[in-house]
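Have a look at these structures, which come just after this line.
Here come two complexes built around subunit A, the first alongside subunit B, the second alongside subunit C.
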Partner chain A sequence: MIDIRISNCNKNYGSLRVLKDINLEIERGEFIVLLGPSGCGKSTLLHIVAGLDRLSSGAIEIGGRDVTDVEPKDRDIAMVFQSYALYPTMSVRSNMEFGLRMRGKPMAEIRPLVEEKARMLHIDHLLDRRPSQLSGGQRQRVAIGRALVRDPKVFLFDEPLSNLDAKLRASMRTEIKKLHQSLGTTAIYVTHDQLEAMTLATRMVVMKAGEIQQVGKPEEVYHRPVNLFVADFLGNPGMNFMKGHLRVDGNRVSADVGAATIPLDGYAFETAPANGQAVVVGLRPESIQPVTGSEAFVLTLKPTLIEHTGSDNLVVLAMGGEEIVGKFPTDMLPKLGEPVTVGFDLGRLSVFDAQTERRI
Partner chain B sequence: MRRFLQRHVSQIALSPSLALIAIFLYGFIAYTAAVSTTNSKAFPRFDNFVGLEQYWRLFHTPRWHVAFTNMFLFGGLFLLVTISLGLVIAILIDQRIRAESFFRSIVMYPMAMSFVVTGIIWQWLLNPTLGIEVMVHQLGFTSFRLDWLTNPDTVIWALVVAAFWQGCGLVMALFLAGLRGIDEDIWKAAAVDGIPAWRVYVFIVIPMLAPVFLTVVVLLSLSIVRAFDLVVALTNGGPGVSSDLPSVFMFDMAFRRTNLGLSAASAVVMLCTVLAILIPYLYAETRERA
Partner chain C sequence: MSAPTDAMPRPARSGWLTSRRSKAILKRTVLYLLLALVAFFFAGPLYILLSTSFKTMPEIQSGGLMSLPHEPTAQAWVTAWGEACIGITCGGLKGYFGNSMVMTIPAVLISVMIGAINGYALAKWPFPGARFVFAALVAGNFVPFQVVLAPVAVTLRTLGLFGSVEGLVLIHVIYGIPITTMLFRNFFLSVPNDLIKAARIDGAGFFWIFFRIVLPLSPSVIVVALILQFTGIWNDFLFAVSFSNPSSAPMTVALNNLVNSNFGVKEYNVHMAATVIAAAPTLILYILLGRYFLRGMTAGAVKG
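What follows is the complex of A and B.
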């Protein structure tokens, strides 16, 4: 059942087109993450769903109802902001109660509800404090609590974890995920942090310059990016790109990338490959590993730089005139300048047309 | 020598102004306090110590009571009118209106004028024979009366209106800066929560402006105690002494009635009034920072 439908949505500020013809359908219970670099329009899209921004053309439906011209308060949504946006002169309890009180819910119902949600978020001991007396993580919990008590049809998150430090961010991320699993409420979550996107999303939407690039399950977007932008934007360290040309010889297809010829026999082409077609072959660092013996394709390359990340070693390898990065386990530490044999996991290859930058 | 200079350069740089302040501010405050314990007439003389007699006389002078009461009456009304209307104007200007800087300038312009000019402008406007009253009469409303300047019971309103006209710009600017400093997300959160705008102002935004209120109250209070030129230009204390303020009283005693001792006593009482306002404020400020 479709909970949110965004159809042909455009947003212009003067001549600047912030959103270009966005179409998106969100099923009930999905956790959709909008991901993209700053200025890609992801926050604008969220604000439009919330009703805080008007769209220039198009329509928004929530729960089967056209809400394009409906006020935010009547859209049955709740929103969590990056800056928390707590009411600083009110106690935590009043912050959580205020929205419900404005809706005319009797206090006898509000009280237990607020206390229940506060317990759920482990902020029940903070109810009588002011926001200024709380830490960043606690404030964000209160902000989430304020959204929870409303029991909305849709949760909207606008980069809620960006102001927290790395460790807190990771634990809050887990909590948001648990929360979604137990509540099952539809959620839209905006972030520029790909780790948040990968871990939280049931489906993610990658955006660039006001356009949707790819919509799909996180692993699908990660492993089968539809274009160079998505391939490059996701993953840390980024995907290795090798420029070259296709060689089609009867049924056999391979990519000549200068230093090597990579066989593409097992590659599922989406469009028919043409002999001599300029391509970019992409492979993620974790698919370039020291040889264990069973690999179909191996190369002997010289390491030029090694970065220790703790959990593994990033090894920069010279390949022709270019450099590629492999992710080696910590117990496989090559020596600088001494050639190592690495295996390429050809099942993880992505091939893009060099002109259109699209996956082929 | 070099090291001495390096270590003490800040003290050396500040010492001339500290010396000047010590002499011309605190020195003369002490001097005034000393004069208030003498029976000085036209010139200060210290051979005639009378103790607190001048204070006793001061508080038994009906004119001083009028002036002192007026200060609180004028002050209270001025604070109330200026703060409430200044806030309302700031809120109106904050509504992302067109030509915002135009309206801002209009409200701010009177601030650029001296109180003497303000006083004279309003004296003309409120003058029953050539100001607003005449204008309304010419429009045909001949029963209209605007006798604030000539009626001892309402003359205080003339002062309030003129002072408001002058002070509103500053108050509006301070409140506007405060309103602009409020996180946009608070408004968005309130919109999603379904809180009507006036309730956001009353329950969330105005409480958030508490520090601005404090600043405004202190600034305006000091200008109330100091108010002198406005009264001199607008009413000259009249009719009779009905619009007298302590500063006018003090000036009059010192330079027209040659009663320097009494004048000095009134100055000391005014200083105490200012301190009574200022000390709690400074206390709150320093505690906030600690």
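What follows is the complex of A and C.
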């Protein structure tokens, strides 16, 4: 069942086109993450779904109802802001009660509801404090609690964890995920943090310059990016790119990337490969490993730099005039300058047309 | 004792002026002298006002402007408040004090309220033409009142409010709106937009957000606006003398009439008492709310 439908949505600020013909359908219970660099229009799209920004053309449907011209308060949504946006002069309790009181719910019903959600988020001991007396993590819990008590049809999150430190961010991320699993409410979550996107999303939407680049399950977007932008944006360290040309010889296809010729026989081409076509071959660092024996394709390369991250070693390898990065296990520590034999996981290759930058 | 301590005098070669401690003392001395001078400049006249108002006429005529009253008496105050002759009536200032209150309080409250709502709308609910409206209001701050006297007179006459306290209230409200609007608008710009958005999603409308979210954040700017408006309207002479008649005249006009009356002996003690009475409300307001006033004036600067 479609819960949110965004059709042909455009947003212009004067001559600046912030959103270009966005189409997106969101099923009930999905956790959609909008991901992209700053300025890509992801927050604007969220604000338009919330009704805080008006769209220049197009339509928004929530729960089968056209809400394009409906006020935010009548859209049955709740939103969590990056800045928390807690009402500074009110206690935590009043903050959480505010939305329900605005809707004329009797206090006798509001009280137990607020206390229940507060217990759920472990903020029940903070109910009588002011926001200024809370830590960042506590404030964000209150902001989530304020959205929760409303029991809305859709949750909107606008980079809710960006102001928290790394450790707190990770634990809040887990909690938001648990929360979604137990409530099953449809959610749209905006972030520029790919780790948040990968871990939280049931489907993610990668955006760039006001356009949707790719929509799909996190692992699908990660492993089968539709273009160079998506491939490059996801992953840390980023995907290795090797420029070269296709060689089509009967049924056999390979990519000549200068220092090596990579066989593409097992690669599922989306468009027919042409002989001599300029391409960029992409392979993620974790798909470049020291040889264990069963690999189909191996190369012997010289390490030029090794970075220890703790969980693994990032090994920079010279390949022709360029460098590629492999992610080695910690017990596989090559020596600088001494050639190592590495295997490419050919099943994880991505091949892009050099001109159109699209996956082929 | 072989080791020198800080408390010991430094070698005589570097004179006392060059030692750091002496320099600091010198700086302090100059600073306090300047402050004392400024304080005297403002407190001196107030002292003369108060001491003279408690003197008797013979004592004033015997000279000694700076001396304290020999036999303090509140007679001048009683006269100024209830008996002094202003124009042709001899009922003292109390009626005019009442006029001033009846004029100032509603004018202050209404102009601050409207300015707050205007500023809130301009800062947080941008509408097409908002910039123009704001520019026009800012320009309104620079219109000299002398320029508008004639048109205002005609307008008040047309409305049937000429010479009434209501007419003065109306004029003061209108000419107070530009400054209060600007004050509130600039303050409200520092209120985070996310707060307004969160409240809108929570279901609050324009006025709910104003009264429940925005105004509670603004006590300091409200106090600034109240003090500015109260002082300006209470002390106004030009509108008061132009648009009032003897029965609706506020304090400023009455005080002028009292002090400038040309017959009889000039009763300086009564004049001084009357002046203090005229200045008292603004003084009291500053003493009560001055802390918030200073806080409000600097709040916007550090919040960013």
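The rule is simple: the second predicted complex is superposed on the first by the 360 of 360 C-alpha atoms of A that agree within 3 Å, B and C clash if a C-alpha of one lies under 4 Å from a C-alpha of the other, contacts with A are read in each partner's own complex, and residues count from 1 in each chain.
Rule of thumb we're sticking to: a contact is a pair of C-beta atoms (placed from the backbone, for glycine too) under 8 Å apart; a residue touches a chain by one contact, two chains touch by 3 or more.
None of these values were measured; they are calculated from a predicted model.
Once the two complexes are overlaid through subunit A, subunit B and subunit C clash, as defined at the top of the document. In the superposition on chain A, A:F98 makes contact with both subunit B and subunit C.
Within the superposed three-chain model, A:M319 lies out of touch with both subunit B and subunit C [touch as defined at top].
Contact with neither subunit B nor subunit C is seen for A:V215 once the two complexes are overlaid on the shared chain.
Of the two partner chains placed around the shared chain by superposition, subunit B and subunit C are both touched by A:Y87.
When the two complexes are overlaid on their common chain A, residue A:L46 makes contact with neither subunit B nor subunit C.
Once the two complexes are overlaid on the shared chain, A:P72 sits against subunit B and subunit C alike.
Residues 47, 50-52, 71-73, 77-79, 81-89, 98-99, 102-103, 146, 150 of subunit A lie at the contact with subunit B in one complex and at the contact with subunit C in the other.
If you check the complex, the residues on subunit B that touch subunit A are 183, 185-186, 188-196, 199, 203-204, 207-208, 210. Listed in rising order, the residues of subunit A touching subunit C in the complex are 47, 50-52, 71-73, 77-79, 81-89, 98-99, 102-103, 146, 150.
By the touch criterion given at the top, residues 47, 50-52, 71-74, 77-79, 81-90, 98-99, 102-103, 146, 150 of subunit A touch subunit B in their complex. Taken together, the subunit C residues at the contact with subunit A in this complex read 192, 194-195, 197-204, 208, 212-213, 216-217.
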